[in-house]
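The following block contains the structure, expressed as structure tokens.
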Amino acid sequence: MTFENTMVGQAAPPAHLAVRGIQKRFGGVHALRGVDFEVARGEVMALVGDNGAGKSTLMKVLAGAHLADDGEFLLDGKPVEMSTPNDATELGIQIVYQDLALCENLDVSANLSLGAEPVKPGWSFLPHLLRPLDDLEMEVKAKKAIDKLEVRTLQSVRAKVGGLSGGQRQAIAIARAVGTESSVVMLDEPTAALGVAQTRQVLEVVKRLRETNHAVVYISHNMRDIFEVSDRITVLRHGSNVATYTTSDTNPDEIVVAMTRGLDTENGNAA
Amino acid sequence: MTFENTMVGQAAPPAHLAVRGIQKRFGGVHALRGVDFEVARGEVMALVGDNGAGKSTLMKVLAGAHLADDGEFLLDGKPVEMSTPNDATELGIQIVYQDLALCENLDVSANLSLGAEPVKPGWSFLPHLLRPLDDLEMEVKAKKAIDKLEVRTLQSVRAKVGGLSGGQRQAIAIARAVGTESSVVMLDEPTAALGVAQTRQVLEVVKRLRETNHAVVYISHNMRDIFEVSDRITVLRHGSNVATYTTSDTNPDEIVVAMTRGLDTENGNAA
Amino acid sequence: MQPEAKMTFLDRFSAMRETQFGAFVPVLLALAAIWGYFGLVLPLIDLMSGEADSFRAIFLSPRNIYNLFMQSAVIATLAVGITIVLLLGDIDLSAAATAGVCAALLGVLVLSGVPGWLACIIVIFVGIVMGAAQGLLIAYVGIPSFVVTLAGLLGYQGLMQKILPTGNLNVGDPFVRGIARVLIPDLWGIVLGLAVVGMFAYANLRKQSRRKTLGLEQDSPLALWSQVIAFAAIVVAVVFTLNAYRSLPLLLVLLVAITALLGWITTSTPYGRSLFAVGGNPESARRVGMKVKRLRVSAFAIVGFMAAIGGIFGASRYGSVSYTAFAGGSLLLEAIGAAVIGGTSLFGGRGSVWNAILGALVIGSLGNGLDLTGASAADKLMVSGAILLLAVAIDALSRPGNGSGR
Amino acid sequence: MQPEAKMTFLDRFSAMRETQFGAFVPVLLALAAIWGYFGLVLPLIDLMSGEADSFRAIFLSPRNIYNLFMQSAVIATLAVGITIVLLLGDIDLSAAATAGVCAALLGVLVLSGVPGWLACIIVIFVGIVMGAAQGLLIAYVGIPSFVVTLAGLLGYQGLMQKILPTGNLNVGDPFVRGIARVLIPDLWGIVLGLAVVGMFAYANLRKQSRRKTLGLEQDSPLALWSQVIAFAAIVVAVVFTLNAYRSLPLLLVLLVAITALLGWITTSTPYGRSLFAVGGNPESARRVGMKVKRLRVSAFAIVGFMAAIGGIFGASRYGSVSYTAFAGGSLLLEAIGAAVIGGTSLFGGRGSVWNAILGALVIGSLGNGLDLTGASAADKLMVSGAILLLAVAIDALSRPGNGSGR
Amino acid sequence: EDMVALLLPENVNPRWEQQDAAAFVRTMGEIAPDVKVEVFNANNDTATQQRQAEQALTQGAKVLVVIPIDGESSAIIADTAAEEGIPTIAYDRMINSPNTTFWVQADLEGMGFDQATHVIENTKDGDTLVMLKGSPTDPNAAVIHNGQLRALTPLFESGARVMGYENWTQGWDPAIARRSMDQALTQLDNNVQGVVSSNDGNAGAAIAAMEEQGMAGTVPVSGLDCTVQAQQLMLLGKQTQCGWRPLEDMAAAAAQVTVRLVSGEDFSDLAPQTVTNGVGADVAYVPVGSYSAIGAEGVAYVIENDASITKDMVCQGEAAATDFCK
């Protein structure tokens, strides 16, 4: 298979999260055609490909947001069930979606805690869903997270997300994913809308995640960023694997060629 | 004013579209605080600033999508009215919005012609709105536009936009704006979601627009792209002008400093 | 460019649902289920349980189909109108009351000696104004359409009572009554039907050949021909069934003609495109320069127009105008329900006027079919709720990966 | 950090509208307009035109306010429930019919000797099941809520007739009747009111001080105090007005208590947060792991619960159960209308149960006020439509840059 | 097997399903066991009633017995039936069509007069009255009201009684009557000494409103139909009068005529009289008697004369404790 074939240089680290033979169709569109993918703890795996190559679809499958038509999921080598976003959350997978998945009718602090709202202590006789929200705690958390990403124009964490600028929104989505306990963090073009300083911060965050032994998946079209943070690079093309490279053994030009034209041996490899 | 003060080097070309003293508030947020901005025909004016600096808001004001609270609009030196998107269209202003402004329930070809649908000839006894759409013409136009941007993964121009990838969508928004007769084209982070090849194509398109004597406004956080295509650079910070630079006279570092920290003299300049 | 992998049957089925034709699938399934139940299952049960001594498929008899169409016509007319504003993401609660006012006015006008045709024109004009007035408030003042048309419902109910102080009035005018009574001679009905089928086939084939010339992707010939054949089958079946009892009634021809016109406007003109655009994303539509406010006003004017037509149809069919048949009754919810059952979204941007007609038939079939059984009023209501649910659930269950329930 | 430029009055006003408190502005304006019209303008006109010989502000008399509250109570109860599903972007057309079934069952149960309190509990349980059943179909089968609850409307209407073959039934059980009859002694009412005000003030001030401790941005003391004072004024005014006629009726206390509970759940628990999240963006909510389907079922169960309460309140207040008072009447549209007038969006993600109560008062005031005038039924309907429109338009017109009419 | 259809207007008033339809079906079973009776109920929607008539005709009904929702829009039912040669009987409420074959009803004008007279007799000079009228679309409601006015107009004009408040009750809906009464009491500040209510549903609503003011039982309230509920209220002294008609006889008369019509026989011996309806057509007519029931004595009369109502049915709930029931 393409996948192993192109594993050159040092041996690949043991995969933390791995999928094999992922298929996904949308009506007549065959978005993923038997994709293999893996990421280890303590590494940043970049996922690159042309527009429409299937990167986001693969991400959503990994996050349980899309149900794969076919394929296998392994966590630390053990098969796992991944059919709802809940499954992913429970396995410790956090994700920044390309479309951000924010609720515009809620404010910044609510979005930052969405789905994992802190509740006040001492109401344990109630089911968790009905305990009082600790909204001040949420605000404090939001303030810290936003400050960390250096989004200085955001006046209030009580502003509705519907009124925020593109970059401010993206920062919130990132802060939500990295602020939650997890072992895998996936970021789908996280810096697309960010300014120079904010992009820097995100790259720092990614590096810090690697240091804290997270498995990080990083999708981007920006070769500079990819070569700055990634350890390995998986290239997708037309919903199929092209190859996986070790970053230190390759260069942007090679990747761009793989993305746009595939490998020369590709004809024999497409699933 | 900051604006003239920092006009160094060669004299500025005569402005085609210019605004003075634009104010815009959203409830308690003062997004634009007396911004001046101009762009000449045959030039690419970059608009840069941190996240939330007010770039998109200024764009929307220039496109009539937001009504400015205060300020003056001049086209070729003459005051013009700009209160609805229609006004802008009629003045020949086209724009790629950061949020793309597509209709997810419509297909690619419909989105590409949105608001300027071609009708079949020979029904002139009917009001324009009620003449038969020339949908094949729309498809042909869409096919050409998409091909030009090298979005090769899009299988059909009859696919609903709701199912497209981020980059595919952005390409459609760009194709719509540049495919329409105009004298001013404004692009708000047009390449944020685009792949390497597609980004190249967009930069080419921008250059071609300049050659065909359009006035182009280009918003981006990517310094490399900005220095590649722009003639001048306007820097916004916290909703106010910092300065306008001639691209050939400055460098990315200076711009980044201006964006994030303003000029040293800034205190005296904020409107 | 990409090697196309083989598609399973299920893929094909779900791909088919995505075509224009596929939008008819759910409501046609529901209709088929209901007709199958009343027309085949129930008589069979009756037969086997010994309740009936022969298999009496009354429900599917030409006479009952004729009745069913006529009984559903007013609901369908309103549903078609309401679909237009639903496309925008608006709602109109006053449509039935508007129809009532128009019918009442029509009755009063013909009673006072105004010729029937003139009265109809006046009433249509009034309907348009009534709709547009609400549209103005919604678009320019910015009050939600639910509230404006709720107020309209109240106000127009009052207006109807004002016009009809005793709440009802006989309508004898031959022109007005003629709309529901005049029948198209059998032969002409067939000619008309064939002409429509011919035009449909021609338009489809021509489009296909133009696509080829222009180098555009082609619809599969299978899809194309099955579409044409299905259409032809439906038209021919309807015409022959109606001829078998009486003939095509003028009222139905008018309803289909108006729906065809609106169907064409909504799918094939810049006006219709902007309805869908506004419904899908009002802000985008505004930004590309669509005159959203005017559009909204005009859409409500169309509802007013269709409500007036519904009022005329109703007056003609009921031979009278009564408060309860329009404003006071269940017509409103039935009409909106018909549109929604037809697949039109309450959130805007998705729907079709043809589906509204099918939805109206679904609703009409419930009452019609149950009235043929001897059940009590309470049982009928309960059973109609259950049948409606089952009929719409069939589609939902056959769909791979069910939706959010919106 | 940024130098804040001075804000004009208009800016302040529109900024205030964005606060939590600001959501009350539109419906309070509407209510004030209607009360002003019936309570002051009309009597003044009567006086000046010589129709009345003295200024008789009957509408604003304590007795009429008491009536008005009681008359609006059933609408309000249903509206509060419906608000919950509207937050999700769903709708419930069967709420009134559910209330009817519950009321009918209650009547039959107490008649057959079941003690009132037990009957109430049974009926509440039944209501919850009826709501949840619909929720299951909506969430898990994926049929649009409009269609499911339309079918529910039919089915439950039938069920109600089944339970209540006579069309109506007297309810004499003292426990049931007591809910509408029992009055809280004047003094206790005042104590209760003051306690509520005290708690409100304490909670607000405590939150403010905690914000300070945590270094979070503070609400302006002006906003804080005007909120507390406005709240206190309303509570005190209501208690004293009701005491001036009779006393606080138990029914109202129950309604307010239940609404407070639901209000707290919707705004201050993870459950409520997910209602808003799903309404704002169901896909985002799903992706962050919210159990959207279960949520939907539970929301419909809450509507069922509130419908059952509405049925009990109705049976208690009317002293009887009749088909038309619930299922057959206008209760459904009035209840949804109340929620929407209160500012809850049909598109989901925006709204509040308190506003539903205010919306119900708006609707209730129309009928109440007009019945005090001697107008004909037709005039009353027309005028009520007009007043409703004007009342809601006031806010729309005072808003800078009006909305899309959604 | 022949079939006839009975089309009921609504189920707001219990009589239709409980008494009229039951009696009609029973009588038909006795005198013409092979004729099937289908019963429909239109829930106060005229379009529904028309549909039900069409469906009945589609099933081959030989006679339509119709209690219309309103007099005008039911004409199409009689007309459509006539086109197929099927006769239509107007039951209780007249159908304003030339094709109405037969009508059965009591002297409703007189019953309205009795209602008003009862209230007049139990009030005194200068007292204020409330009038809760029937459904504006029901032809009977206007007739009843005319009878009430025959008794009341002179007194209103002389000032002997004051008309405090009046309202129609769309669809005979008690919920509407309830709000009317609430508002009457508020506007008149409880200064109400009599309630002229056109039927029992309205009376029940008025009593519930007055109970809240502690007035129930102190004010005369009229009614019509003598429903079980009304008789209970009469025993409790809260309602004081109800007009009673022998619904059994009405249904039996309709059934007899129906049977004749099914077999195409002449029925003129059963209906010697005619009345002229709203469109000037002469309709064969059988008048039935009526009785103005007052107090416990009235209840006793009704129980004795109305086979569909037994003492057990009335003596339930609160009413069980009254002297009459003990």
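When the chains are written out, they are named A, B, C, D and E in that same order, and each has its own residue count from 1.
One rule holds for everything that comes next: contacts are C-beta pairs under 8 Å (C-beta built on N, C-alpha and C of every residue); 3 or more make two chains touch, one makes a residue touch a chain.
Each chain and its UniProt protein: A, B = Ribose import ATP-binding protein RbsA; C, D = Xylose transport system permease protein XylH.
Source: prediction; values computed, not measured.
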Smallest number of contact steps required from subunit C to reach subunit E:
1
Contact-count maximum falls on chain pair C-D
Specify the chain most distant from subunit A by Cα centroid.
E
Cα-centroid distance, subunit A relative to subunit E, in whole angstrom
73
Between the Cα centroids of subunit B and subunit D the separation in whole angstrom comes to 46
Round to the nearest whole Å and give the separation of the Cα centres of subunit B and subunit E.
74
Dist(centroid_CA(subunit C), centroid_CA(subunit D)) in Å evaluates to 34
Subunit B: which residues touch two or more other chains?
27-28, 152, 155, 238
For subunit C, which residues are shared contacts with two or more other chains?
2, 161, 165, 377
Could you list the positions in subunit E whose residues touch two or more of the other chains?
11, 17, 43-44, 136, 170-171
Taking the complex as given, what residues does subunit D use to touch subunit E?
58, 61, 63-64, 67, 71, 111, 161, 165-170, 172, 180-181, 318-320, 322-325, 328-329, 367-368, 371-372, 377
Quick one: in the complex, what on subunit E touches subunit D?
10-14, 17-18, 43-44, 136, 167-168, 170-171, 173-175, 178-180, 182-183, 186-187, 189, 201, 204-205, 207-208, 211-212, 227-229, 232-233, 316-318
Inside the complex, what are the residues of subunit C that reach subunit D?
89-91, 93, 137-148, 150-162, 165, 282, 292, 296, 333, 336-337, 340-341, 345-347, 366, 377-386, 388-389, 392-393, 396-397, 399, 402-406
Over in the complex, which subunit A residues touch subunit D? Could you list them?
63, 65, 84-86, 88-89, 95, 97, 101-106, 110, 114-117, 119, 128-133, 135-136, 139-140, 143, 152, 155-156, 158, 160, 176
Parts of subunit B lying in touch with subunit A, wherever the complex brings them together
26-29, 49-53, 56-57, 98-99, 151-155, 159, 163-168, 171, 189, 192-199, 221-223, 238, 256, 259-260
